[in-house]
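For reference, chains read A, B, C and D in written order, and residue numbers begin at 1 within each chain.
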């Protein structure tokens, strides 16, 4: 039983990480129906920017004197940086293809993904970089079960962001414009919504979330690497689709399910096949519900 | 000229400033608590200079200041294509084939190796084209069929000693079977749901290859696969068959050439057949196709199976050439690469795909000298080519708007 | 259609100038193959830099008679068999006389088959899979140890020094890491150590909590970690410590890397590593280390072996005065000298033996701990 | 006559390689309803999309209130009082009726005025008030058309471009929609109406243009056009 609970905690943390990335994925998808392969790279760029800033602060001696202020500052700067990066990528690589075939867009995104991860490698080197994780590595124990503060923070953060994003999308003017842009770009421009701006904004928010996830995983796992974005990117994509792509709550649910399946697959069956279980569950769900768990039955021509 | 300058200048300057803002933190913030500027500026200046030359040429061209060079070039181009037009297409194909046939005689090992890669990927690209270009289904796990083909021959050969030529049909059939298995549950899905499911299947196949130790020897791969062989009639010491293994690279080149030509002819035939038209109708509008009496279920399955057949053939050849297979050759990146070739070249256009394959195989080899910058350049080139030629290098003539893209 | 054909023809012709006609200069060309891009780029660059260091030192000491300069052609394999074969073919085209590499066993094996067609000697500084030298290739040599040697030492250590009864094994599913892990499992069974589990993770995984929780619940005495890459190793160590896994962590040579400690920090304390013994007090090592770190910074796990491999090749060419593979081989077989990593002496199959010992990480340093011949140090 | 509100001068536009507009010139004066009739594919909808900046002008110019709006992005036009009810209504299907209305006033910031306008729209179209929390996609065709008109009115337009408001609606509802159009016009909004139902359109409008394969073939008072035997034959089915 303890074993089960411990694994459950592991699963929900991993699921939280996937969900954090998937949230950004699904937002971008929701607005322009693009499988943004570069999203994993935004995640990695966020992780790197975090480590660069924190290392600088450590070197300059600020981190010792004001640890939490520094972490918060680094977080804000990292998210801003990554949002800026995403907006640039969108402007350069995706905007010219707004009315082109979706496959062209997909290849452009793939190109960007390769470009960005290699750019990170060239500028930051091939070695993994350590996070100053001493600050956040504490935890507490409930009986035989140990829980890390960071696990709590990751799960809490995911929940808070889920609520926040839902409010943003469903309760605000900007969110309404986002949904309108997602449904009909021409009509939304006829009601004076600048779809280019909304799309840029969505990319910025999505990348900000990815950067946040990148820093969290940096703290949680202790290091970042230039190619860290690829596998979580694919998993997050799977999570987003599993939950019904374009749906924020669905992305969260999908992330948690994939995380859980992986952890329990590894815990009770075999570690080497855990990704297989995750994908099989995903395929099975999609087979019975082809639009994902929370997906709406959108009309055929638009899927 | 001034007007063009103004129009271009603002985004250009903004873009460069943006780049600087993104680049500097990566190069200028150091873990010892210091900041530096020189390094980032230097890199940035290089990029800015190159970008400036490109933009300058663009502006010149736009404003007509390059006419003195562009006009004769256009005339020349016109004359050449006119002259080329006078020679019938068959002659061109003959010429091309002739060149392909003498290619190993005039080149070294390395060029032949690259050419073999090109030919293998032509098979893969054209096979994937059946699924994506003709039937209009996005497949991100295509490389799995390649893996099935490769492992089929590897296992048949190492376990039962079956020769390459006898294994080919087995590899094709097994790959087609895998195509049906993957195709079946995905038939109800469309668009991006299909994409992730095929991606998932691709990963599953790779992970199984990597983990099923008793069958595939896992990550160690399978060693000691026989290269393709021929039986020759031999007369010394009475009539007997001589078994000759084709280890030399240029023999392998010819086999690859044969496979590629076979694939090109087959795909071309399919493209203009009844089935090809039915696939196109599914691509353009699945619901309408169904209403017109097209059996979309069977045809979509057939598209997967046919696409898989060519990948299976290519895979069998791949393992025969390498004499070694391991799961590392069948990763998602490989699927993405084949997809990029198809889209880059121009979906549903055979010459386009061939050109796309050449671009993506030859480019990294050209950049091989630059080592670290190689993949950076390849990634950048993919995006740039898409931005400037979104329909591919040689777009197909028969492609209409796909139903899923009508919205824009 | 015709215009397109024309374009294709032009593109096809572009391929032709690839033919690099080797000029008749007095340059000694040697090649190196290692993953310069991709997840193993760190070790791959280490190999390239080690080889370059050897060439520099050789040239400073007078070079090779008959050649004005020695040029290295480093090729990227990306740890991908296909690219490795392409790289091998490219090196053949460049008419190199010998090749240092590759890193991943899965690249070395097919690349060596290609090189063998033209009888080019190949010395691997890092591929430890048994098959590398067990295929009867005449010009295949190995500078590092073999997986089966390492696993024997590891198990001997577990039994004799740690006095452990049970073990939990993890590998990350590569030719190398799984081969080694399987070897350890086999040796353990022979030695009567109970194997409580042997699990695998996949390349690119970052979260090992499920597996580590499982390992913890089994309560093994030793947690054996066999990783292709020290990045995975350090992540797993951090998570193991955080989860409160109190088994002794024992791992292998890939985790013998400064960055392992840099990333894992406190969690790395007490981790034990089997690694080929490099006597850092020899003048040969010092000479190499000074040169290497001056130019390329920190010395990684395979730089030293690459240095020795290149030295062996160059020495063989110099002393035999020939670039004929048969002469080079004869010279290599005769060698017996102190290299930077170890005493260099080759066996008939191309192996050069190994001297694995156990290190422990103490105060952020790798400290020698145990030698199979001498016991605790 | 007063200065024209909208003026198209020899406008050319194309979709890809297909030339859709081959030199359209038309004028709309403040306060009137102008009808544009023509067969399927004559370029009526393209004209409206070109005015709104969705389709790019290749040659010629468009003036709105005396200034050129050629090449301005579409989203800058509603604040100027130029608004369109597009063909097929283009209701946001997964937004509620109220949200659709709010989007109509997207560029406006004053909350209270918007709420007042929404209430006004509800009193104008009581059915929308009943359905206010339903998703747009669940409404019937007529209700969607009303929503589309109400949404356009939310931006307080000076010039309203209407594309096929009768398309796919039952005759009874069509009549109702045209009554509404007349009423909107009476309250001071100028309307450029594109219609296939030439009879109704010309009855409602003051002036009319006839479009044939991308060019204006006839232009006159609506009543005159209605009496023209050629028109009657070609567009009124007589």
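Observations on the structure shown:
Keep in mind that, in the parts below, a contact is a pair of C-beta atoms (placed from the backbone, for glycine too) under 8 Å apart; a residue touches a chain by one contact, two chains touch by 3 or more.
The structure displayed is predicted, hence computed values, not measured ones.
Distance between Cα centroids is largest for the pairing of subunit A with D. More C-beta pairs in contact connect the chains of B-C than those of the other pair, out of A-C and B-C.
Subunit C has its Cα centroid 35 Å from the Cα centroid of subunit A.
Annotation: 32 Å between the Cα-based centres of subunit B and subunit C. Centroids of subunit A and subunit B (each the mean of its C-alpha atoms) stand 29 Å apart. Averaging C-alpha coordinates per chain places the centre of subunit C 73 Å away from that of subunit D. Shown for subunit A are the residues that touch two or more other chains, namely 118, 121, 184, 272, 275.
Within subunit C, residues 37, 173, 200, 202 each touch two or more of the remaining chains. The complete set of chain-chain contacts reads A-B, A-C, A-D, B-C.
Considering their complex, residues 3, 6-7, 10-11, 13-14, 17, 118, 121, 126-130, 133-134, 137, 139, 146, 148, 217, 221-223, 225, 227-228, 230-232, 262-267, 270-272, 274-275 of subunit A touch subunit C.
Every residue of subunit D that touches subunit A in the complex is listed here, in rising order: 52, 54, 73-79, 83-84, 86, 90, 92-95, 99, 102-104, 106-107, 151, 155. Chain contact summary for the complex, subunit A toward subunit D: residues 173, 176-177, 179-180, 183-184, 186-195, 296. Subunit C makes touch with subunit A in their complex at residues 37-39, 41-42, 45, 170, 173, 199-202, 204-207, 209-211, 213-214, 217, 231, 234-235, 238-239, 242-244, 259, 262-267. Contact residues on subunit B toward subunit C in their complex (touch as defined above): 80-81, 84-85, 87, 89, 92-93, 95-96, 99-100, 106-115, 117, 207, 210-211, 218-221, 223-224, 247, 249, 318, 322-326, 328-329, 351-352, 354-355, 358-359, 362, 365, 368, 371-372, 374-375, 393-394.
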